[in-house]
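What follows is a pair of complexes built around subunit A, which joins subunit B in one and subunit C in the other.
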Partner chain A sequence: MMRIVSTFYAALIYGFVFLPVAVLILFSFQGSLFPIPPFNGPSLRWYGAVLTDARLTSGLGNSILVASLSSFTATLLGFLAAWGFARFTLPASGALRALITLPLMVSYLIIGMGLLIVFTSLGVSKSLFAAGIGHVVINMPLCFAIIYSQMGDHQANIERAARDLGASEFKVLGLITAPMLWPALFAGFFLSMTFSWDEFVIAFLLTRFQTTLPIEIWNLLHAGLNPKTNAVGSLVFGISIFFAIVFEIFALRKKPS
Partner chain B sequence: MSNGANTRAGWLAVSPAILWTVLFFIVPFIGMVLTSLWPKGADSWSLADYSQFFENDAYWRAMTNSLEVTGMVTFFSVVLAYPFAWILAFVLPERWQRLALMFAVLPFWTSYVVRSYAWLLVLSENGVINSALVNLGIFNQPIQLANTRFATVIGFVHFFVMLLTLTIYANLKQLSPNYRKAATDLGASAFQTFIHVILPLTLPGIMVGAFLTFVLAIGDYITPQILGGNNELLMPQLIMMQIGRRGDFASASALSIILMVVVSIAYLACARWLKIERA
Partner chain C sequence: MTALLSIEHITHNFGKARVLGDVSLQIASGSYTILLGPSGSGKTTLLSILGGFLQPDQGRVLINGIDCTSMPPAKRPTATVFQDYALFPHLSIGNNVGFGLRMKGVAKSERDGKARAMLSLVGLGEAFDKKPHQLSGGQRQRVALARALVVEPAVLLLDEPLGALDLKLRRQMQDELKAIQQRVGTAFVHVTHDQEEAMALGDHVVVMNQGRIEDEGAPERVYAKPATRFSATFMGESTIIAAEAIGKSQVQTAFGKFKIPGAPDAGKVQLAIRPEHITLGGKVSATVSDVVYQGSFKRIVAVPAVMPELQLLCKIPAETEISIGEKISLNIAPDKLVLLKEE
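Let's turn to the complex of A and B:
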């Protein structure tokens, strides 16, 4: 009895969770003009329409650019800060660490609006660069927290050994510390990539002509229900799943258990 | 151990992150607070944009709408996710659990805008649900599902059921099976074991998940804008409207700060469950 109820309930939740995704993907192969029943396909015409849409393809390129550069910056700054706080006794260390992680407590809307107000009053125009700055603000605290939590004393001893053997501080950081911490660096970078890739409100407020893919998809919605939106949505889903699998393979495999 | 030269290297390492946070987070935040205190078109400091929130019915209603929707979303997400996480953790054989869990959160990877759009496909007047209902003869005409509060709640619950399944599952797996064994040995029924043993032990985990749901849902603009439409406004929609349609940064800033205060109150209300510990 318990088993039947459980199976039924689990099937219900899986159905609920997968319903929109299944409908999205099914009607991306729609042959006619609207992504609503009846289904008459399969057809690849809407995928063709996505790939020849200059706005969507440039949005894709912009998203990749913003995500990778902002994630790189966030990981680098987070790593340096984590190393500084873990290896040196700095005054007010607790307060400064709290300061760095503070943006995690605040919604993206507020971060985006604050930047918009400051950039507007300084005459800085909206751009991908401005959105990238915002993405570093949201992702750096995360990178810092992940990397800082992985900094242990055993690594400090290895660093000291390298220093005693004559390595400069810079070399220690690049050749000893970073390789030892690479799973944390990778996790921070990867999480930043996914958040930046999918981020809407900051990019919406801080970009204008050149913009990221989520904003371009948002612009498509003004046309109402449209199989082209299904197609681009399914493509983005596929790309995200691909990277999730890559992450699973590289970052989680070496987990000690 | 740290001498002067060493500390200098430490400062050098931490200063870019601190500088970035101050320049692009603290300064903008202060800018926002100052902006909120100088109403658009006014020539002096004033709290008018704050008092307007309490005086203007539409603003006040946006907040009550937001609280109602977020409350419903949090409640339904927990109630739906808990039994599901339970089944994954205790009914399903161990070796299938990881796969079942990964599968359950797969739609997480759809983009945020696309996820709401996909629900629009399902719920719209000619959408999948309505055509099924009409074709099966249950209704003669399509019923309105999209552009309603119901649609907003569904869209949110969909996302947070996945999130909460993850957190509650992790919570349930951390419990030692001995608790359940001991309760059973002492004569408790399955239901009594759940109410008196498992539920109290997993309450902190549920509260963390519920708080996360509350914070993320109340600040979200996309889901209510796409699924709820403009029939009723939630706070983030009102804030974006002040910026987009009216260019009124002062009002938008004041409303954002009020929203932040509400979230902080929610945080304080469940702070005793939210002790986030560093390993």
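Let's turn to the complex of A and C:
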């Protein structure tokens, strides 16, 4: 009896979480004009419509560009910051570390507004570049936290050995530290990709003519619900899941001792 | 003779704690030097200063007559074997060993050749393409040794290199280390707290305690004629006997008068004697308070009747029947008593 109740409860919870996505995906395969029951698919006509829509495909391209470049930058800066905190004695190290991870707690709206004001006063126009910087701001603390947690004293000794054998500081970083930490670097990169990929608020505030996919979807929704929005939503979801799985592979894989 | 490595008046503090106090030491080329001491004696700090990982507060380090005190590790003619081996986990064994040559700009084919030669010298010729995690502790140790030796350092520094190995492997690696050192002829400076390791490996033993050098010299000399009380009890065991100098190189103890060359004319002195120089059958009557069977001998603690606060350590033949509480008589070899330096 207990078992039936708990199974039922679990089904409810998972249904609550995943039913909207499941409905979205189901009706993206709708054959008729309206994303409402009865379902009369499956059909790929709306996916075809998405891929021939110039605004959506350019949004897709822009999103991939912004996500990969901003994630790369966030990972690089996070790595350097983690290395600095882990390997050097800095004044007020604890407070500075807390400060660098603080953007994780601040709402994207606040960060986006702040950047908008700064960019406006600096004369930086709204663009994909500006949105990319915004994504670096939100993802760098995350990359820092992931990479910093993987830097231990054992690696410090390995770096010392490299230095002892004649490696310059630059070579130690490039040939020893970064390769040793590659699971953390990849995890940081792919988690950043996930967040940048479907980030809306900052991109909305900081882009104008060329924009990212979430903004294009939002524009599409102005015209009302249609199965095309479901198809593009399913694509976004699929790609997010891909990034999330890659992240899990690197973050959770067992390290050889 | 100019020493290969010369340490001049090195003093170093960690915060307010003095870890090295005015340490001076000369190391000859081709020698195997052991820095022996308990934890906190400053031996590892001294090694870090030699390797360039630490700048001493005062004093100088000269290698081949060149002042290296503030030279970074990369520029020094030293190479270090770390206690945890510190192999590069993402590189193959061959690339680990070839790393130092790569940093010197040696071409790939040449450094691979040298790495292979060095790996076969340490008995790991077949491990070239493996990764560090595929090797056992003893094998990783050898890779660390090969990696440091392949750059042909003037001095090889070893930080408790056998500390992580089990006893049997440790004794085996000891013999190999000594053989490798004799083959390559490089000066080794080896830090350990294991006095057996020190005696087995070193031709120059430096006994350290509380940031100072207590004694140094050939292991035979340090063992037979320890300079200080610390040296007498840390490198092997000793019984310390209090005595009174009475002039004419003679001292008075509870066990009678002894002639000790170099004894002062008056004042309190301390004598040390090794357990193997106190034997059964003599004039000193004592009571056995402890017996430990050690396989090849029995180590006993005996309390002499004339001086009940003293514990005499003796080694007696393993087959001797003896039990706690038994009354025995002992002989203290007079010529084996060592006069210790004032502390």
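Simple rule for what comes next: the second predicted complex is superposed on the first by the 247 of 257 C-alpha atoms of A that agree within 3 Å, B and C clash if a C-alpha of one lies under 4 Å from a C-alpha of the other, contacts with A are read in each partner's own complex, and residues count from 1 in each chain.
We adopt the following convention: a residue touches a chain if its C-beta (ideal position, glycine included) is under 8 Å from a C-beta of that chain, and two chains touch if they have at least 3 such contacts.
Predicted model, so just to flag it, every value in this text is computed and none were measured.
Partners subunit B and subunit C, brought together by superposition on subunit A, fit side by side with no clash.
Of the two partner chains, neither subunit B nor subunit C is touched by A:40. Rounded in steps of 10, the angle subunit B-subunit A-subunit C defined by Cα centres in the superposition reads 100°. Contact with subunit B, but none with subunit C, is seen for A:109 once the two complexes are overlaid on the shared chain. Residue contacts after overlaying the shared chain place A:176 against subunit C, while subunit B stays out of touching range. Look at A:84: by the touch rule set out above, it reaches subunit B but stays clear of subunit C. Contact with neither subunit B nor subunit C is seen for A:219 once the two complexes are overlaid on the shared chain. When the shared chain is aligned, subunit B comes close enough to touch A:240, but subunit C does not. When the two complexes are overlaid, the chain among subunit B and subunit C that reaches more residues of subunit A is B.
Of the two partner chains placed around the shared chain by superposition, subunit C is the only one that A:154 touches, whereas subunit B remains out of contact. By the touch criterion defined above, A:117 lies against subunit B but remains apart from subunit C after alignment on the C-alpha atoms of chain A.
For the pair subunit B and subunit C, the model built by superposing on chain A gives 5 Å as the shortest CA-CA distance.
For subunit A in complex with subunit B, the residues that touch the partner chain are 2-3, 6, 9-10, 13-14, 16-21, 23-24, 27, 34-38, 77-78, 80-81, 83-85, 87-90, 96, 99-100, 102-103, 106-111, 113-118, 120-121, 133-134, 136-137, 140-141, 144, 149, 169, 197-198, 200-201, 205, 213-214, 217-218, 221, 225, 229-230, 232-233, 236-237, 240-241, 244. On the side of subunit A, the complex with subunit C involves touching residues 154, 157-158, 160-168, 171, 176, 179-180, 182, 256-257.
For subunit B in complex with subunit A, the residues that touch the partner chain are 1-2, 6-7, 9-14, 16-18, 20-22, 24-29, 31-32, 35, 80, 83-84, 87-88, 91, 103-104, 106-107, 109-115, 117-122, 124, 126-128, 131-132, 158, 161-162, 165, 215, 219, 221-222, 226, 236, 239-240, 243, 249, 252-253, 256, 259-260, 263, 278-279.
Considering their complex, residues 51-53, 72-75, 78-80, 82, 84, 86-90, 99-100, 103-104, 131, 133, 147-148, 151 of subunit C touch subunit A.
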